[in-house]
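Each remark here refers to the structure printed beneath this line.
Letters are used for the chains, namely A, B, C and D, taken in the order the chains are written, and counting of residues starts over at 1 for each.
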Amino acid sequence: MTAYTDTELMIARAAQELENDDTTLVGVGVPNLACNLAKRTHAPDLEMIYESGTIGSNPSRLPLSIGDPVLATNARSVVPMTKGFGYYLQAGRIDVGFLGGAQIDRWGNINSTVIGDYDDPTVRLPGSGGACEIASNTDRTIIIAPHSRRRFPPEVDFVTSPGYVGGRDNRAELGLRGGPEAVITDMAVMHFDDDGEMTVDSIHPDVSKADVAEATGWDIQFASDLDETRPPTEDEIALIRNELDPDGVYTGGDD
Amino acid sequence: MDDAIARSIEDGQSVYLGGFTHLIPFAAGHEIIRQGYQDLTLIRATPDLIYDQMIAAGCASAVTFSYAGNPGVGSLRAFRRAIEDGVPNELSIDEYSHFGLVSRLEAGAKDLPFVPLRSYVGSGYPDHNDSIRMVANPYDDDVDEIAVVPPLRPDVAVVRAQRADDEGNAHLWGITGEMVEAAFAADTVVLSVEELVDRDVIRSDPNRTAIPGTIVDHVVEEPYGSHPSYAQGYYDRDNVAYLEWDEISETHESTTEWLSEWVHGVDGRREYVAKLETERLLDLQPRTNFSTPIDMGEY
Amino acid sequence: MDDAIARSIEDGQSVYLGGFTHLIPFAAGHEIIRQGYQDLTLIRATPDLIYDQMIAAGCASAVTFSYAGNPGVGSLRAFRRAIEDGVPNELSIDEYSHFGLVSRLEAGAKDLPFVPLRSYVGSGYPDHNDSIRMVANPYDDDVDEIAVVPPLRPDVAVVRAQRADDEGNAHLWGITGEMVEAAFAADTVVLSVEELVDRDVIRSDPNRTAIPGTIVDHVVEEPYGSHPSYAQGYYDRDNVAYLEWDEISETHESTTEWLSEWVHGVDGRREYVAKLETERLLDLQPRTNFSTPIDMGEY
Amino acid sequence: MTAYTDTELMIARAAQELENDDTTLVGVGVPNLACNLAKRTHAPDLEMIYESGTIGSNPSRLPLSIGDPVLATNARSVVPMTKGFGYYLQAGRIDVGFLGGAQIDRWGNINSTVIGDYDDPTVRLPGSGGACEIASNTDRTIIIAPHSRRRFPPEVDFVTSPGYVGGRDNRAELGLRGGPEAVITDMAVMHFDDDGEMTVDSIHPDVSKADVAEATGWDIQFASDLDETRPPTEDEIALIRNELDPDGVYTGGDD
């Protein structure tokens, strides 16, 4: 069996979260690879939208940024951002959004703004982009991030993208649509329980429960029927390496 | 371009250089650096390399933005140096998410006191940005209250388009981002294009004229004015330049060295383009791919 | 079209038939009359002849509108008879100015609880329409309060375009009015086009695809489906029909006679078009006038 | 000297209200003829916008409605109504608007909605269209209407388009832009005084002060330097008859 990288596993696992009739707001990097993998396997009709305003993109090669011309050429439609965010995202026309983040808490609230104090930050991160809107307005958000205590603290320094805020009921009260669906890391896959709290569903091969607990900043819950994450198949690995990212821009290097 | 910039911008003004990843007016940004502007408030959803360069050059004292990264590469190092360490000067920020920033420009374009949007509820923004406020919904349906943002009206907007006529009626295609809203929101508009074309070309397809000449104050023809970003149908993004910037901008010294050579060291975009290797430019050319025309009818 | 209408609309629903003067779906309106729909709420900025005909046929119990005239000719007599005399039935109205109605559809398209606009202050509307309300401006700048309107979400929107592919991705040009907002605001969308074209034609110019197939439920190819209104580049407005309507609609009896002949007397648009004199149709053809294509580039 | 019709005089007089660098929101009929006359005489750069969303129209023939294809072909730009009303009109980019009306009061408030009670009208009129917005957001509105007691009542039955509301100060307090500039009828030309009240400035040839007073529903003011309205010139009449409305669609019939 072919050896795979953590990133390849995360791509393959994220692809499984997508259904054939989903419309997804795609980010560059791992989400883009996951969406394109899903499109070439079980979800050929997946509709890909980018926050730059390209609707139904059909990229002929891996886009280098969310504003790559390859996303506009041959797209279904291209619209101004007022429309992409207003008529598509805010209007509830996007099922799935992908988010990353420097910090993620137990309710799936994400920080991609600052580490430390907002007005005098230790690290100034890029900020929201469309993440706050994606988190607020899609039906399901899929969070992808490396697993570490630093990334999964008890509390985030700034809520860039609201998850369940203070719990599932709280999000609903605030009038926010949907919510976080899954968190996929290099160690495990988490879903959210009835209260909206993150719960480990499956652990990747060669990772232990203790590893995950150790790499999480709070006393994380484990599902009673904890699984091992299914590794990427030969087909998935071949597609990623030969067609989706032949130059290893996103998938090389962590092997 | 030097003349258009000199006549449009004054120190201390708020300036928007347009384009979401696409059609970024790098030539105008470099001209602003060359003319030594200071104390500008820079407005852009994505500051991108161009604002990183202007910040490093000391042109800016404030940035209004929603994503400060090197798109597809990493972080903006000069931007971070200014915020984290005050190098070369302190930089104040006014920060939104994309839709918030775009909505502010839309409110400016429509002259509305505010625009509502379904963002910010449950987020940390309202605690740190007093411009984001809540308004009660006067109807029984739906939420009790919703976030609103006030209008943003740049003193000057510099926008690029693929083609325009001499009146500044511009055809844009591909990703237009928030450019049109910003042009309508701004007091003064500088339009820079890949090529000036006959008025008949523009008038043959009025639905594509997103920026009318009536809101444009200066029109400049400047081929490759968006390099190293791109112009759909004309040239691709020069990704090597974006990757290299990550190294160039690693220290303030290496950044200013680059500015000396590529900005101060040339007298305008023509010299900048001449300085690029021919092969590098040729590699950016896409194959031709024309749209099927429409029939407007002769009425 | 008969099938698309039958599967999309139910008695008592709210229906928007699109087009501002241009691209009015007359064929769909006639099909609704033929299928004997009742108790519909008709939504349009300009009810135009099509709603006059539907009202006379007894399909409507309410109209949401902003200008009820025969454009360039005079008044809508069937509409007036219903309101002034209850013939053929009482008609309730929900009335706005153009921007108010368009803003309601925009709020629907964006799923906003309300949209602000600088209208209605000092006018008689707020006293007679409870949907128009005032909201306090939470900022110090500008007015103390501003009018807002709530979202309008038609159950069904029937819109027309010049061309679309089989997925319903539509290219529109010329006057688009409030059609795109209405299509995004509606639950169900029926798209009728002058011609179905290959997907490559649409994908060659994605900036022109104002209505994406993803929001369209039924696509119908129906040449001349907008007659006697027009389709830019395909045919001109048949102004004689608009002038004649002023006489035809003078009494309820003469109106229903016309409906018997031109709506109930034909089984669809093909028969309707066949019934028109050839010369009349030919006189409406504009000379060809193609737009200059754009180069999207092959990336 | 050539005989002229009342309509021709009104067209010529309305054209004089336009300046070369004006942007105007044009209605069909008399306003359209006035704008095109101005464009062919003293205001060649006049920018004509129609509420259907055509910007900088260059009609090759007389448009039959504000949605005529002749307004789109060869225009500067064509935009959706959200943009025409939002980015152009509401944003204050339109200097002059033309309005008609079934009733006009002394403050220039206009009714084009109903005669009688709104809920049980004697006559149901077409309604606002864009008139409410034009009256609220242009710098100057020019009102064109036949002169009669019925048309100029002490109070209108419904305010479709606000003029000075209850006076010039009242309009400013309400935050409305500009206001009515002139009223052109088949008897006289009126402007608005410092209080915002309609005042007769000039009377057409062969019309008396008494005629105007008799045809107005309130005790209308006359300017101290009351003029006679300048009749249309030979050139203006020739342009209207030979080029602008050769079939006499709008100018025939009242002679």
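Heads up, the rule we're going with is that a contact is a pair of C-beta atoms (placed from the backbone, for glycine too) under 8 Å apart; a residue touches a chain by one contact, two chains touch by 3 or more.
Listed by chain with UniProt protein names: A, D = CoA-transferase subunit beta; B, C = CoA transferase subunit A.
Being a predicted model, the structure only gives us computed values, none of them experimental.
Note on connectivity: the fewest chain-to-chain touch steps from chain A (CoA-transferase subunit beta) to chain D (CoA-transferase subunit beta) number 2.
For the interfaces C-D and A-C, the C-beta contact count is higher for C-D.
Chain A (CoA-transferase subunit beta) and chain B (CoA transferase subunit A) have centres, each the mean of its CA atoms, that are 28 Å apart. Centre to centre, using the average C-alpha position, chain B (CoA transferase subunit A) and chain D (CoA-transferase subunit beta) are separated by 41 Å. Chain contacts: chain B (CoA transferase subunit A) has residues 111-112, 117-118, 142-143, 173-174, 176, 207, 232, 236, 286, 289, 296-299 touching two or more partner chains.
Across the assembly, chain D (CoA-transferase subunit beta) contributes 54, 68-69, 72-73, 78, 86, 90 as residues in contact with two or more other chains. The residues of chain C (CoA transferase subunit A) lying in touch with chain B (CoA transferase subunit A) in their complex are 111-118, 133-139, 141-143, 146, 148, 150, 162, 171-174, 176, 197, 200-201, 204-205, 207-208, 232-234, 236, 286-299. The residues of chain B (CoA transferase subunit A) lying in touch with chain A (CoA-transferase subunit beta) in their complex are 20-22, 45-46, 65-69, 71-72, 75-76, 79-80, 83-84, 95-100, 102-103, 106, 117-125, 128, 142-144, 173-181, 230, 232, 236-237, 239, 242, 286, 289.
Across the interface of their complex, chain B (CoA transferase subunit A) is touched by residues 28-29, 51-54, 63-69, 71-73, 78, 80-82, 85-86, 89-90, 109, 113, 118-119, 121-133, 136-137, 158-162, 165, 170-171, 174-176 of chain A (CoA-transferase subunit beta). The touching residues of chain C (CoA transferase subunit A), when paired with chain A (CoA-transferase subunit beta) in their complex, are 109-112, 169, 184, 202-203, 206-207, 209-210, 212-215, 296-299. Interface residues of chain A (CoA-transferase subunit beta), counted against chain C (CoA transferase subunit A) in their complex, comprise 23, 47, 54-56, 58, 60-61, 68-70, 72-78, 86-87, 90-93.
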